[in-house]
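Each in structure tokens, the structures are laid out below.
Two complexes, one shared chain (chain A), two partners (chain B, chain C).
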Partner chain A sequence: MTVLVRLALLAAVLAVWEVAGRAANPLMAVPPSAVLPALRELLLLRSYPDLPASLLLTLREIALAYGLAVAAGLACGFALGMNRLVGRAYGPMLAALYAVPAVVWYPSLMLFFGLDAASKIAFGFLLGFFPVTLAVLAGIRQVNPQLVTVARAYGAGPVRVFASVMVPAMLFTLVGGLRTGLALSVIGVIVGEILGSKRGMGALINHAYGLLRTADYVALVLMTLVLIVGSDALASLVERRARKWSE
Partner chain B sequence: MTASPRIIAIENVTKRYLTSSGPVEALHEVSLAVGEGEFCTLIGPSGCGKSTLLGMLGGLVPLDSGRVLVDGQPVTGPDPRRVATVFQDAGLFPWRTTLENVEFGLELQGVPAERRRGVATELLGPLGLRGFAGKYPRELSGGMKQRVAIGRALAIDTKILLMDEPFGALDEQTRLLMGEWLLDIWRRTKKTVIFVTHSLQEALLLSTRIAVMTARPGRIKSVLEVGMDYPRLMESGELVALRAKLWSEIREESLRAMGGRL
Partner chain C sequence: MTLRVRALQLASILAALGAWEGAARAGWVDPLFVPAPTAVAIAFARIGGAALAALADTLGKTAVAYVLSVVLGVAAGLVVGSVRLLREVLNPFVIALYGIPKILVLPWIVLVLGFGAAPAIFYGTIHGLFPILVLVMGAVRDVDRTLVTVARSYGATTWQLYWKVLLPAIVPSVLAGMRLGLVFCLLGVLVVEMFAGVRGMGYVMSAFANGFQAPELFAATALVSAASIAIVLALDHLNEKLSHWRG
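Moving on, here comes the complex of A and B:
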């Protein structure tokens, strides 16, 4: 049933798009019937032969950005959450930083890391870092202190308390943060590429758009969308596993 | 009960908690000795320091002055080879099944998986949890959860069992049955039990001795010996008389804890 309702909306959107697209200036908008051939050309590597290389580069940037965001986010979150003094000193600063729209940092990231992959990785890292850190902090707050006492009474030292109580108790929140972090790292890398780069999916999008190759542009955007939705679907699968386990 | 050797000695123990509104004296020069195999109950008004005292015996709460000896040695930290605790509200790990919760202490002691599984499985029978080995705490009733918590304490087979209001959250009927059940286990295992309750009846039915504590700061007000055989009947003349005595002691302290007014 849900699927049917979903498909109905999709069909309606496509129909409106088709009608509106045909009426509009082809430089500004294209109907789905024009996108399909463009998509085929794209997948057959005729319009953009460097598509696989671009895709690979973007995926590599995402993997690096996200990996760094997770590592730094976990480290920062635990440092802030396990130590009351550190938490009280730096927690508000973190929240303030998080409130600044991340895009404002991008120009200086480009100045600092150059136009190549490094600045995209840095931007993806920046976006992914906060949700991971904040999830760790929220997770630590969720741990029932009585369970920590129980574990200590039965002989658990700090390491066992961490592994046997903290991690399982916060797992669900943590995985949620990791999922959000992944989505934002993906967005950060692609937005970074669009805002300025010569390679990667974002660069291809920029290129098509700059030359007013609107059908190609839409086809590339659709591909990127699949990438984003796909990675999030994978993360949601992991999340569901974790929920089952930690409940 | 002076015949049995002292397994627990609490000597002039004082405890102050530092709170945002200044120090709070929870215990003031408390002394109590407990013989091996006793069922000793602590009873007293809310906030008089019963949980604090158990926490000290379990090595979880540091003391300001005085000494706490278990087996003749001062307590310096948790010692799960000698002391097992059942906490005020079960404190089960929600991500562990009944069996895994019962196994917890053995797991920490590095007992091989197969052996600890055997020990825990064997315990499920007397715990009345045989069909519930794979269930999670959220799937259990209050009484079952409490029995899992007791099972977790019994699994590490210590000489001393500390029980902080283990049946406090249960209805009266379940509570009476659980009391009978615990009595049975205690008499078979010959453990030393330190038991905290607010129920006079429970204290009288189970204990070999009852220590009445004063309102905060907690001290031992008096110690009642209950030299009667088990199983006991609340209606017996001896117990009725003891109940009256116990109530008059506790009533005074509970009134003080409420500021002297009803």
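Moving on, here comes the complex of A and C:
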């Protein structure tokens, strides 16, 4: 029943879009019936022959940004979580930085790393780093202290305790943070590309928008959405696996 | 402990600034990209007046967008959250719209609304709206059913039910949403100013970045960060006061 209503709603939105799009200035808005041919041209590599290269570049930027964010987030969360004084001193500072809209750092990153991939990777890293670190910090607080005491008593060092006792015990919280981190790394890379780049999906989107090729623009946005939704679906699959395993 | 925490915080900030100043003076970093803190302070004095005017412009747009997103988010959240059919049909759409990067539609918004304050306010509103909407919808769904049943059996009208039962019951979630929404609104306004602004702090920062004016850029970034941290802390303080008052 609800599924039917949902489908009907989607159909209604598409119908309204079609009617409004036909009536509107074609430079401003295009109906879905005009997007489909544009999408076909795009997928056949006629309108943008460098689509595969751009997709690949964007994916590579996301992978690098996320990999760095996870590594740094785990290390930073570990350092802050294992020592009470350090945690109480730097935890609030980290939280205060998290309250700043991240995009204020982007101009500095662009100045520092240039218009190429490096500034996008840096911004994706920055966005993904915070949720991972904060999830580690929240997770460490949930770990049963007895487990840690026993492991210590058997001679495990802090790194060993973190890797073998804490990470499995807080996996449930950690995977949530890892998933949020991926979503934010993806957003960071795409925001970076749209705010200024020469290559990648964001550059193609800006190109189509700048030339008022609105149908191509919508098609490119749909392609980028597939990439985003796909990465999130993959992450949710991994999350579910990890949660099942940890139970 | 608190004293040691404060001392460590202060010492590390001073140490970081000192190391940064030293590195810049010794020529280990290129002052074109990483200016010394003293150079940033001098730049701040130089751009102070203009930067404060730009900040006021940005915060004005943010305030309008924020009021719009709180009012719309709470109202829509109340209606959608309390009507079962609406909630079940719309929930996946709302979650999906919350999750996707809104920057993908930014070029289109600018195309339709132009380069003034309107696109910034519109984009800031849709940025701030969704976190509030999601939180309020969830909170309304989870309101204790007995409260509603009792109010109904005492003959409360629909209006009274919303105004006197549901709204007070979801105050904590509304406050949490308001805190999140504020940062999102500011983020949205800054993104539009960077992408297509002619005024405001986002425009000022990207102009400094494009002009390789690193000291001015760092000063402007510090100003925006300080402003947003101050606003969020003030909101937190207000929250605390309100929760004391609610008991």
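Odds and ends about this structure:
The definition used in the following text is that the second predicted complex is superposed on the first by the 221 of 247 C-alpha atoms of A that agree within 3 Å, B and C clash if a C-alpha of one lies under 4 Å from a C-alpha of the other, contacts with A are read in each partner's own complex, and residues count from 1 in each chain.
By definition in this document, a contact is a pair of C-beta atoms (placed from the backbone, for glycine too) under 8 Å apart; a residue touches a chain by one contact, two chains touch by 3 or more.
Remember, predicted model here, so these are calculated numbers, not experimental data.
In the superposition on chain A, A:Val100 makes contact with chain C only, while chain B stays out of contact range.
When the two structures are aligned on the shared chain, A:Ala38 is found in touch with neither chain B nor chain C. Ranking chain B and chain C by residues of chain A touched puts C first.
By the touch criterion defined above, A:Tyr209 reaches chain C but does not reach chain B. Of the two partner chains placed by superposition, only chain C is touched by A:Leu225; chain B is not. In the superposition on chain A, contact of A:Ala69 is made with neither chain B nor chain C.
Of the two partner chains placed around the shared chain by superposition, chain B is the only one that A:Val165 touches, whereas chain C remains out of contact. Look at A:Ser108: by the touch rule set out above, it reaches chain C but stays clear of chain B. Contacts of A:Leu195 after superposition on the shared chain: chain C is touched, whereas chain B is not. Once the two complexes are laid over each other on the shared chain, residue contacts for A:Ala153 go to chain B alone; chain C is not touched.
On the side of chain A, the complex with chain C involves touching residues 2, 5-6, 9, 27-29, 85-86, 88-90, 92-93, 96-97, 99-108, 110-112, 183, 186-187, 190-191, 194-196, 205-206, 209, 212, 214, 217, 221, 224-225, 228-229, 232.
Put simply, chain A touches chain B in their complex at residues 146-147, 149-156, 160, 164-165, 168-169, 171, 245-247. Of all the residues in chain C, the ones that touch chain A in their complex are 1, 4-5, 8-9, 12, 33-34, 85, 88-89, 92-93, 99-101, 103-108, 111-112, 183-184, 186-187, 190-191, 194-195, 202, 205-206, 208-209, 212, 214, 217-218, 221, 224-225, 228-229, 232-233. Contacts from chain B toward chain A in the complex involve residues 58-60, 78, 80, 84-85, 87, 89, 91, 93-95, 104-105, 108-109, 136, 138, 152, 156.
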